[in-house]
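Two complexes follow with subunit A in common, the first pairing it with subunit B and the second with subunit C.
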Partner chain A sequence: MKKGTREFTNFLFVLPALIIFSVFYIYPFFKVFNLSMHSWNGIDPTMKFVGFAHFKEVIFDDKAWWSSMAQAGYITLWALTFQNFLALLLALACDRAIRAGSVYRVIFFLPPILSEIVVGLVWKWIYNGDFGLLNHWLSMVGLGYLARDWLSDSSTALTAIALVHCWKGFGWAFIILLAGLQTIPRQLYEAATVDGADALKRFTNVTVPMMIPVFVLVVILTILGTMQGFALILAMTRGGPAGHTEVPVIRILFSMIKYRRFGYACCQALIFGFILVCISFMLNRVSKFFKQA
Partner chain B sequence: MRLLLGVFIAFTLIFGGCASKDKAVKKDRIVVWHWMTDRQEAFEELSKKYEDLTGIKVNFELFSPPDSYSQKILAAAQAKTLSDIFGVLGEKIDVASFIKAGHVVDLTPYLEENEAEWKSRFFTSALAVTSFEKDNAFGVTEGTYAIPIDLMNIQMVCNNKLLRQAGIQRPPQAWEEFIADLKTLKEKGIKGLVSGWAETWMIDCMVSNYAFNIMGEDKVIKTIKAEAPYTDSDWLRVFKLFEELRDSGGLASGVVTMDNKYAEQLFANEKVAFAFNGSWCVNVYQGMNPKLDYSVILPPEASDAYPMKIWGGAGSSFYVNARSFLSKEAVEFLKWLTDKEQQVFLVNKTKNLPSNRQALSGIPKELSEFADDSDSITHPNMWPFQEYPAVIEAFTKGVQSIIIGEKTAQELVEEVQRIKEKEIQRRN
Partner chain C sequence: MNRLNKIFINTVIHSFLIFVGLICIFPLLWMLASALKTQQTVFKDMSLLVNSPCWSNFYIAWTKGNFSMYFFNSVLYALSVVFGIVFISSLAAYAFSRLKFPGKNFIFYMFLAAMMIPLPGSFVPLYVLLVKLGLANTRTGYIFSMINVGLALSIYLLKTFFDKLPRDLEDSARIDGCGRLRIWWNVALPMAKPAIAVVTIFNTLNVWNEYILALIILQSKSIMPLQKGLMVFQGAHFTEYPVLMAGITITIIPIVFIYLFMQKFIIKGLTAEVLLG
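== the complex of A and B ==
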């Protein structure tokens, strides 16, 4: 077979994947970019070209957008610290040969498989100011003075949502971290023990270095997953009270559905995507640095 | 070569199937898309009856919740694959876009034929929502573009039993009386007012009611046209009402993050004395608590300068797809659907107000209390101009801020005016 014919045949094998990738990834990206430069309500047959006006408006003029970014950042911070710390503790506990370990694994992985809407509605009821379980429990233990409507109070609404997000999300981090822990060769721990390392030293000198790629993966997934979350918030507060729990995806959704500003919504989505890509890229660099160190 | 041909045919078949069609496919049945979960069963019964009568099949296809339905029809409009009959959920500006994009049949000639026999069946307010006058601000050709299948309006609902328990002899007529009642209820340990104010359009509705009552329609429209500022003392008074509501302590807790469905549950379960809700609640309360003893009143007036106006009009309207091969059959079906007999059937089954005025006799007491105030109906879709969405967002979120004690009415009017000016600047 001639070289040219062989290369052409090889190319044919790649062609279906290339076409699918182009149709479902490359084309939509350029279409979204194109739409972001137009003013369009999603129905009119014509669109008005506005250049980079939407980008300018989002970046310099849209306070609600940037507060939604900050609010998503706040939830992400909770997820990165509290959620992942809890997941790591539980993963370490389950990594040992404890009794009924597999039962715990199943229990810890239950929240992530529940629907966000269902979880949101259940927790909304728990947080209810008048008939909620949380206030009831607080009264029972003598902390009734703390009772409030957790989701309608601007000082507690976002944290209340962040905690539910952590409760729902820690199972994913738990499973990934547990899988990571189980790939660490046992001989390393045995050698460290022989050398006189106690549990803390084994953790800092064996577990942590071996787990860095897994930590980075968990951090990236936590950031991407949390920043893009919205269903839980829609079910619990719809972004209220007064926008205190709005996150970027809710703003994008509102721009598109409520305000019929498709071009503007596309622009918000692009900026949001760009920010997330930058964060992932930075984390990747950090991960490489730690690996080299 | 054979491989290349195979790949080509496969992709032609795959992506050829995804291509949009400029014309709806010819079908043997009328397809109706809607979002009304509570009416699907009644619609199915009616469609069977229509088939027995005419031999024409009608398929009611339900897409719920309403947000998903909205997205579906938007996508279908872009792909030009709308059903023969469909509803549009949204503002008048959205309806105008559908019309201008050529998706909707102008029903005026059908409504006007036989000395306007079809048109005369309907309440004027029901048709007004989907009618466009000459030289309207939306640039739509004058005409009526949809047929209302029911009516709705939003008023105050009071639980008679709870009012009696609190020693309140009659439902409040004036705002001061209402605030006093809320305080009395609070003293008796009864929650005062509930509404689904996480759904900000309900806040918009209450704000409009009191704006009409305090300053009259002309001034409201002038403000929308930017000929009067939101910092005007009348607007300040409107937003101060929400401060008074908050200070009375009579609002159900969590009202600003509450869905209307949950608010309805609270009222139906006799946990709250007043609810700000729409006429659809008759059906909802009937389902949740058939023994609920309640009455319907206009929102208590805050001023005697102008009459109280309430949001209302067509509850749900059906449009005929201009690209449908069955558009004439679809119009005939809508005529049949809005006949007295079918309307009475829908009232009995779904407890919604009929759009056909002849079907009003014999409706349940609570529904008739809603129907009594049809003269007070208004709706943004009936106004010649509409407020910018960013301004509406500012004052609805602002009202939430007032209720949670974050902002004062004065701060709110200043902020809303700032946003209004920014919007005008942006659009010019």
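== the complex of A and C ==
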């Protein structure tokens, strides 16, 4: 066989993957840029070119958009602090080679494998104002005055969602942190013990420096994952009460299916994607700085 | 003293772990308990252990709630998407690892880049595309979109696995006169079983739990998978908690079983995804 024919038949191996990728990934990727400059309701045969008008509207006039961004940021803060701190504590506990460690691992990783819809609907029932388990328990321990309709009350809805997000997410952070902890050579700990380091010293002088790349990784993935999360919220509140639990992807979805502004939805998606790329770029710089130090 | 100290510390650690473990499992037990109560008792009876379990909720969900249909659809999507991904990605990964062709590195890095660039809201242009192709609200449209979702990570996983495999067997097969396609099928694929298992399990979970594309692409009830079916059901019958909880239980039973028996593969898939991110 000639070299040319051979290389062509080799290329046929990747062709199916390349076709699907081009049609379902690359084409939509570039279509976003085109659509974002047009005003279109998704049905009309023609769309109107509006230039950068959508960008101007999103950045300067769309208050709901920026508050959705702030709300996603609020959930992300909970995930970064509460969820990841809990995950680290549990990973440290399980890393001590205690008995039944793998049983805990199986249980902690159960919430992450469930879908956001399932988790959202089950917790919605627990938070229910009239018949929910949470209010029942509160009144049982004499805290009945705290009872409320947790997801309809604008002062509690977002925090209630953030806590469920942490419930679903901590097992995931736990698995990554535990995998990181287990790559630290045991000799380092032994050497530190011989040198007279106590448990706290071993943690700050051995564990923390060795774990910094893993910490950075978990922080990056938590931020990117939480900012883009939305299915949990759709299942629990659909963005309500009065937009208090909306996050950017829900705004994009509503622009598309509720207000039927396809071009505007694409523009929001572009701006959000740009912000996420900037965040991950910045965090990567930070992690490089840590690696050098 | 030292020993007592150790026992004390271990007790504290275990109680903490058990406490968190209970918080993990409790909502699921509560879901199951609610699924076994009747429409009347579910609002009054707050016990976790149900005295006279009412199994008919499962029957109602399965028949009147259309969950048999949604279940069938989810199984169909999981099977066809995972089959498509394994077939297409193992062909491509084998070529990326073993064969020579122009543009090889460029195409491979394109797949890698696709995994790293966040694309929120890509469902909008995808929907526009599917409408153009006449694939909106069809099983085909959903299946191909989902194959695309899992493709890049699977290619990466399989390619790195092929890279580590010895080439001796393939070489001797070539000397025996096997073509590339037969070597891929008869030699490379059987050796890659562990990696294919990871790809299969990980993508099965992904497809089973997927919601947003199902929401955008599939409007007819008869072709909806479970996740969308659940949302449709709770929108229409939001007070029928026992039946809803039975529906959720039906939805998660296969996933929980797959997880309990195959957790090794799931965690491997997850670590691969994380390392790339």
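Going forward, the second predicted complex is superposed on the first by the 266 of 293 C-alpha atoms of A that agree within 3 Å, B and C clash if a C-alpha of one lies under 4 Å from a C-alpha of the other, contacts with A are read in each partner's own complex, and residues count from 1 in each chain.
Assume contacts are C-beta pairs under 8 Å (C-beta built on N, C-alpha and C of every residue); 3 or more make two chains touch, one makes a residue touch a chain.
Quick caveat: nothing in here was measured; it's all calculated off a predicted structure.
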(message) Do subunit B and subunit C fit side by side on subunit A in the superposed arrangement, or is it a clash?
(response) clash
(request) Using the touch definition from the top, say if A:F281 reaches subunit B (first), subunit C (second), both or neither. (result) neither
(message) Once the two complexes are aligned on chain A, which partner has more residues of subunit A within touching range, subunit B or subunit C?
(response) C
(message) Contacts for A:W172 in the overlay, against subunit B (first) and subunit C (second): which applies, first, second, both or neither?
(response) second
(message) Quick one: is A:M236 in contact with subunit B, with subunit C, with both, or with neither? Answer first, second, both or neither.
(response) first
(request) Go through the superposed model and pick first if A:L18 touches only subunit B, second if only subunit C, both, or neither. (result) second
(request) Check whether A:G42 is in contact with subunit B, with subunit C, with both or with neither, and answer first, second, both or neither. (result) both
(request) Quick one: classify A:R260 as touching subunit B (first), subunit C (second), both or neither. (result) first
(request) Once the structures are superposed on A, label A:F52 by its partner contacts, choosing first (subunit B), second (subunit C), both or neither. (result) neither
(request) Figure out whether A:F85 sits in contact with subunit B (first) or subunit C (second), or with both, or with neither. (result) neither
(request) Considering only the touch criterion stated at the top, classify A:S154 as touching first (subunit B), second (subunit C), both, or neither. (result) first
(message) Can you tell me which of the listed subunit B stretches (9-17, 45-53, 63-71 or 153-161) runs into subunit C once everything is aligned on A?
(response) 63-71
(request) Check subunit A for residues that touch subunit B in one structure and subunit C in the other, and list them. (result) 9, 16, 23, 42, 130, 257
(message) Which residues of subunit C touch subunit A once you look at their complex with the stated criterion?
(response) 10, 13-14, 16-17, 20-21, 23-25, 27-28, 30-31, 34, 42-43, 46, 87-89, 91-92, 94-96, 99-102, 107, 110-111, 114, 117-129, 131, 144-145, 147-148, 151-152, 155, 180, 184, 205, 208-212, 216, 227, 230-231, 234, 241, 244-245, 248, 251-252, 255-256, 259-260, 263, 266-267, 270-271, 274, 277
(request) Mind listing the subunit A positions that touch subunit B in their complex? (result) 9, 12, 15-16, 19, 23, 41-45, 57, 61, 64, 128-130, 149, 151-154, 157, 236-238, 240-243, 257-260
(request) Using the touch definition up top, name the residues of subunit B that touch subunit A in the complex. (result) 3-4, 7, 11, 15, 67, 70-71, 74, 77-78, 90, 93-94, 97-98, 100-103, 191, 198-200, 252-257, 259, 271, 389-390, 393, 397-398, 400-401, 403-404, 406-407, 422, 426
(message) Under the stated contact criterion, what part of subunit A meets subunit C in this complex?
(response) 7-11, 13-14, 16-18, 20-21, 23-25, 27-29, 31-32, 35, 42, 86, 89-90, 93-94, 96, 98, 104, 106-111, 113-119, 121-123, 125-126, 130-131, 133, 136, 167, 171-172, 175-176, 179, 217, 220-221, 224, 228, 230-231, 234-235, 248-249, 252-253, 256-257, 262, 265-266, 268-269, 272-273, 276-277, 280
